[in-house]
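Handing you this structure, nothing more for now.
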Amino acid sequence: MRSLVRTNEFTLAVIAALGFAALAVATDFNLLTAGTLDAFLRFLALPIVIGLAQMVVLAVGQMNLSVGVLTGFCAVASGWLMIDAGLPAPVAVLAALALGATVGLVNGLLVIFTRINGFIVTLATMTILEGLRYGVNGTGTYQGYSPGLREFGQASLAGVPVVFLLAVAIAVAVALFFRRTVPGRHLLASGGNPFAARLSGISNDRALVLAHTLSGLLAGFAAVIVVAAFGSVNASIGDDLLLPSFAAPIIGGVALAGGMISVTGTVLAAFLVRLVDVSQSQFDINRRWVDLIIGAVVLGAVLLGQFRDKLSGGQR
Amino acid sequence: TKKSDTTDTEAGGREPAQVKVALVPGGSHPYFQPWKDAGAAAKSELSLGDVTFNETAGWDQTKQNDVLKSLAAQGYNAFGVFGVSPDNINSTFEDLKRQGFAVGSLASCPAGANKADFCLSTDVEVAAYKGAKAAIDAMGGQGNLVHLTGNKVDSNTQRRIKGVEKAVAETGGKVVLVQSVTDIDKDLQSAQKAVADLLAAKGRQIQAIVNTAYNPAVASAEGVRQSKLPIKVIAIDDDPAVLDGLRGGSVAATVLQNPVGQARVGSYALMKLSGGCTISEPGVTIDSGSFVVTRDNLDGYEADRTATTEALRKKFDGDLLKCN
Amino acid sequence: MSIVLSAENLVKTFPGVRALDEATLTLTAGSVHALLGENGAGKSTLIKILTGVYRPDGGLLRLPGPDGELRTVQLGNPQDAQRAGIGVVHQERNLIPTFTVAENICLQHLPRRAGLLDRAALRVEARRCLDLLDLDLDPDLPVSRLSVAQMQLVEIAKALSADSTVLLLDEPTASLTNDEADRLYGIVRRLSERGHATVLVSHKLEEVFAVADTVTVLRDGRSVAEAEPLADHTREQIVDLMVGRAYQQVHLAERTVDADTEPALALDHVATTAGHHDVSLVVRPGEIVGLYGLVGAGRSELAKALLGLDRITAGEVRVHGRPARIRDVGDALHRHRIGYVTENRKEEGLFLDQTVARNTAVTVWRKLARLGLVRDRAERSLVDEYADRLGIRLASPDQHAGQLSGGNQQKVSLAKWLAADCDVLIIDEPTVGIDVRTKAAFHELIAGLAARGMAILLISSDLPEMVTLADRIAVMREFAIVGELDNDHDYDRMSQSVIRFIHDGQGVVA
Amino acid sequence: MKTETAPAAPPAAEARPPTRVLPVWANPRLGLLIVVAALVVLFSSLTPAFLDPRLTLAPLQADISVYVVVGLAQLAVLSLGHMNMAVGRMAALSTFAMGLVYDRLGVPLLVGLLVGLAVGAGIGALAGLLIAKTGVNSFVVTLALDFGLLGLVTILYTWATGGVSFAVQPSGLSALRFDTFADYCMGDVCGPRIPLVVPIAVAAALGVGLLFRHARLGREILMTGSNTVAAELSGIPTHRRIVAAHAVSGLLAALAGFLLAANNGAFSANIGESFLLPSFLAPVLGGTLLAGGAVSVLGTALGATLTQVIYKGLNLLQFSLEELKLYIGLVLLAALSLDRLRAVIAERRAVSTS
């Protein structure tokens, strides 16, 4: 119990719960009305998945700067498949996932074959993907595609948006992968101490490729969420996802150096950021002040975590 | 000792075939897409040396400056520019004019005095006013209105806000501007999120939304349609997505601007200036026109626009350009 | 007896260094084979070739096939070695800090069921390996929470988990207590009775003679004795082989300490946030005071508290008679001229990715700098001087510290504190992983420092070393000093008294 | 007094063969230089306009100058293994300060620059202080700071100018912007066509080079980056070194902001908006690791040059937006892979011949 209280996840959960309660009270419980809650959770799905997409590469001590743009590219490409190529929605969805995973695979292969820093490789592929994303439909917007897919995006189960459930399911799957599967453990081992992992017969190269591929696949899932839930896509999708993709896992307690992940932390951090977002529209706060507030909240959260560490450290 | 500035030259004396026009938007945006065809048309119509369209600036003033320098290095000598940053673009204009190029500010005017030869642009305040008027009409003259727009720290956005406020003020309190949401035009997803949050927080109190930026327009049309709330959406421009909304009913009206006219008349004026004409009133600002389109006049608006474009050209020939 | 592994004429070159130069090792079933050599002789390199970490530049590796015939093999990676039945404990710690004990032990072959990790099986298997070592550790504990010694034991458990026929142990006892080491050697003997072969690398020759039956000696990457029975050699002969030169006595500098001299460092009933209480100790100029205790007794922590890394909550610290409040190491070094040579050179002592020159000069840049700029010449000559004095084997002062062999790294870690020219030096476990010749050299050096008036607080778990060097020995147990003895340099008597203090936990402060 | 039975102390370490020096062509910096040179040749053969001194080369040098300093600003904290996610916004805040003093106090160019540098160093030091005191990851602290400054800078500009830009043009700014040394003559001898901002960037690079190569401060920062615990235990005041490195980063960010303001001709809120990725790109291309402990100033300069040359060349070739992006990425990957290949071959040769 004590050890649970000391975790970063616990701090985040407390802050998130307090923040949510405070906002609910401050909005005269408007936050808890079906419509508001629905919008809250629907737009939480994307930051969760994109945060996880970044987290899986952070796990091996790499970064993927292309997650955001890749999400946009997959989304626009599936729009193209449905509208310009006239293919049915399931094909477009599968294609988005496959495309994401393939680009991730290419990222991983480039990293291991060129031995260039993953940061630079993904920066380069991000630029390439920007071109491709624009190349699909220029500045045009796809909308009015598959009603079934959009209905799926709008659907709710017991008042909870299906896309949010999808994001949670993905988070559970990712957690399970890292916790319970052998490739997942190998991946983390490789991130925690590559040399030791190699001495234990784990292929670091395979771990790198796997992490990047998974990251791409998750970006593909993010694209599916975008296409389904938001009803229209164009080449600007993904531009504002890069920083949130880092913010969620890192605030959530994931180490940049690799070897340590936290799915719960990532989800909670995404929740926190979304909370600030929503309070902005509820109270009509100037966006610039929101930026200031997000900055303060993030710093506050980590400082609190630090304070907690100090406290528990002192008890030793 | 410093050498005298011998590099400063005046535009002039170029035959049309020597005039190479560069149309440079601030970045990729549906609004500018008509420039491409209009520029090509101007080239053949006016027998210009060349007309190019370069949208690689990516909404970054530094990059746009770079693009302009590269174009100059390739021999382009007349520039129609949408300045990324209205507050900074004047120094770029001065830079280009120092090198003896004709420069027109297209689709947006610099903040403060215009240092380009002329500015041919939608009067954004008027356009926003018209949009707000259309919204007030659509909501039946009373209720709550929301304004969605782009980058707050941009003088054009400030003018748009002013235009909307003016229209609201004229209702004498019957219409209330509940909120002006800014900074949501950077990408579609932020616009979608902002619209969803807005509708969740205040959807039931709102009767109309007026958009003065593209991504919010697309997002609010779709968002309102999905929420099934009885909110009238006033969009901007005539991108296929907006026209579809107009036909489908999710958009009540849209405010069109005149990018074609800007590119064609702009190229024409740049050619004339390069050929030795001068502008009678340096830095003059000309409204390129804005039009409210509803489902009823969907078919006729193109003719209005062509007429306006023709009138613009006449205006240049008549009293703006001094040629000898 | 059947040969289970044969390495012939192995050659391995690193940029600028020939680590192995035709080294040969032959291993027979059921033997415990000592692999000896000075620091940097190439022992670890050889082990890494046998486990597929490095590929040799030349030479042959032969292992018995299913029919028992020796066959030339290529070990491309560590997995190949595992499959060939070779288990290993490397000299460096190679655990995944965020993983549990159980996972680290079974990392090479994580058990799965229905595609998922089988945590129950994992725990059972880990328990089995821990039991082999009589180790009572929770398999679900993250490794990052273990002490250095416990980590070492986990590594050994990991090597045992593979059920290997060949076990390679590179300095397995460097951070173990004698009891733990004895337990390990018990297992090694049991394994060899069952026909397993073990290679043991150690600088503790007493252990080697107690456990091993055959020996290979490496000198400068070349084998100078190949699989000879250890019984044929005396300790002195082995050392001669390693060093390549006739055996000589070493003289420790003569010292006399006047008990009236003002102590250079005095602790008066000190308590710390780390948990120490009532610690009193004096060290006079020219004196070596030993601080003995079992691993975890709190000796290193005391040193760190003195340096300001933990707070002192009660009592007084005096330096040259004046009460001192030391805020950090910079303070200790520059204001009070106290230095601390850490026991943990990899994490706390060295900058592995920096040059040896920088590693050595880091404490004296203040002195070497003019107008804030460090003079490279001065730095260079300083490094040359200490490389010379300590016999550090360098390809060049611009070599990274991480490329040095363990013993040479230890020397660099000491060199920077010698360069700093302190009055008081706290030296923590100076000779862990150090070869005999260097160890003697270290002893001579430390005695020499004291003879020139330095006050030395020597922390060591190596009792013979203590008895050799110290003037007085203070014994620490559970963060308190439980006794202090004048050293009469008689090992048996001293060890008995010390052990009594430790076990009884009480003693009179002499 | 006592005698130990052990062999003689070692004599001086036996002479070992000296480290084989890698061949000149294997130097990583040289590899970048070759890649840059090859690209210059390629681009000038594809479009002669690439060699236009006034319209291409002079602006190119000015751009490189800005991004070298941007790269150095990031390099200053990469030396610690830290990151500065707020480089851009630190530049924005500093240029705001410069604009404010030029506008309100009418101070000379140099004074305003110094004020801005001080503000940059101050905000950098604040970041460093937060990181050192709390031990929180630099990424998180500077990211949060970036958000905070993003809000602050626009709020400040709205307050001070009502817009996003100062209209003021301190004297000398336009010379920095337009002039090259060719505009200054002694009799008939004029200088080379190098923009006036270039020496500023060169001075910054030399300064940072000196700092990390020879100065005690810089070396201690590197040691802190290499192993903080060991640095602490070697008597280095690591907290102060962390603060110092971040202050240097902020100072250089401010300088980069000034250079960009000079190039753009205005002190405005969007200065620094596009600094973040290039700030990492230049040092990392130049061989500086994200792990800390080692930096390459020359490499950073070459990295910045490489990216700007690619950008300029492709710009001149008039690609459409999608082609431009595509080729920037591909050229970058190709250039890096070539460089890698060269390094790998060099390593192989060195090992096999020694």
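Just a few scattered comments:
Per-chain residue numbering starts at 1, and chain names A, B, C and D are given in the order in which the chains are listed.
One rule holds in what follows: a residue touches a chain if its C-beta (ideal position, glycine included) is under 8 Å from a C-beta of that chain, and two chains touch if they have at least 3 such contacts.
All figures in this text were calculated on a predicted structure; none of them were measured in a lab.
Centroid distances from subunit D, each centroid being the mean of CA atoms, peak for C. Our note on geometry: subunit A versus subunit B, Cα centroid distance of 35 Å, whole angstroms.
Look at where the CA atoms of subunit C average out and do the same for subunit D: the two points lie 42 Å apart. Subunit B and subunit C have Cα centroids lying 73 Å from one another. In subunit D, the residues that reach two or more other chains under the touch definition are 154, 321, 324. The residues of subunit B that reach two or more other chains are 28, 152, listed in rising order. Contacts with at least two other chains are made by residues 134, 288 of subunit A. By the definition of touch given earlier, these chain pairs are in contact: A-B, A-C, A-D, B-D, C-D. Within the complex formed with subunit D, the residues of subunit A that make contact are 65, 110, 114-117, 119-121, 123-132, 134-135, 243, 246-247, 250-251, 256, 288-296, 298-299, 302-303, 305-306.
The touching residues of subunit D, when paired with subunit B in their complex, are 47, 49-50, 52, 54-56, 59, 63, 154, 157-158, 163-165, 167, 177-179, 182-186, 190, 260, 263-266, 268-270, 273-274, 311-312, 315-316, 318-321, 324. The residues of subunit C lying in touch with subunit A in their complex are 51, 53, 77-79, 82, 88, 90, 93-99, 103, 107-108, 110, 112, 115-117, 119, 158.
Taken in their complex, subunit C has these residues touching subunit D: 13-17, 239-240, 243, 245, 247-256, 307, 309, 328-330, 332-334, 340, 342, 347-354, 358, 362-363, 365-366, 369, 372-374, 376, 387-388, 391-396, 398-399, 416, 420, 436-441, 443-445, 468, 489. Within the complex, the subunit B residues that touch subunit A are 28-30, 32-33, 152, 179, 181-183, 186-190, 192-194, 196-201, 203, 215, 218-219, 222-223, 225-227, 239-241, 244.
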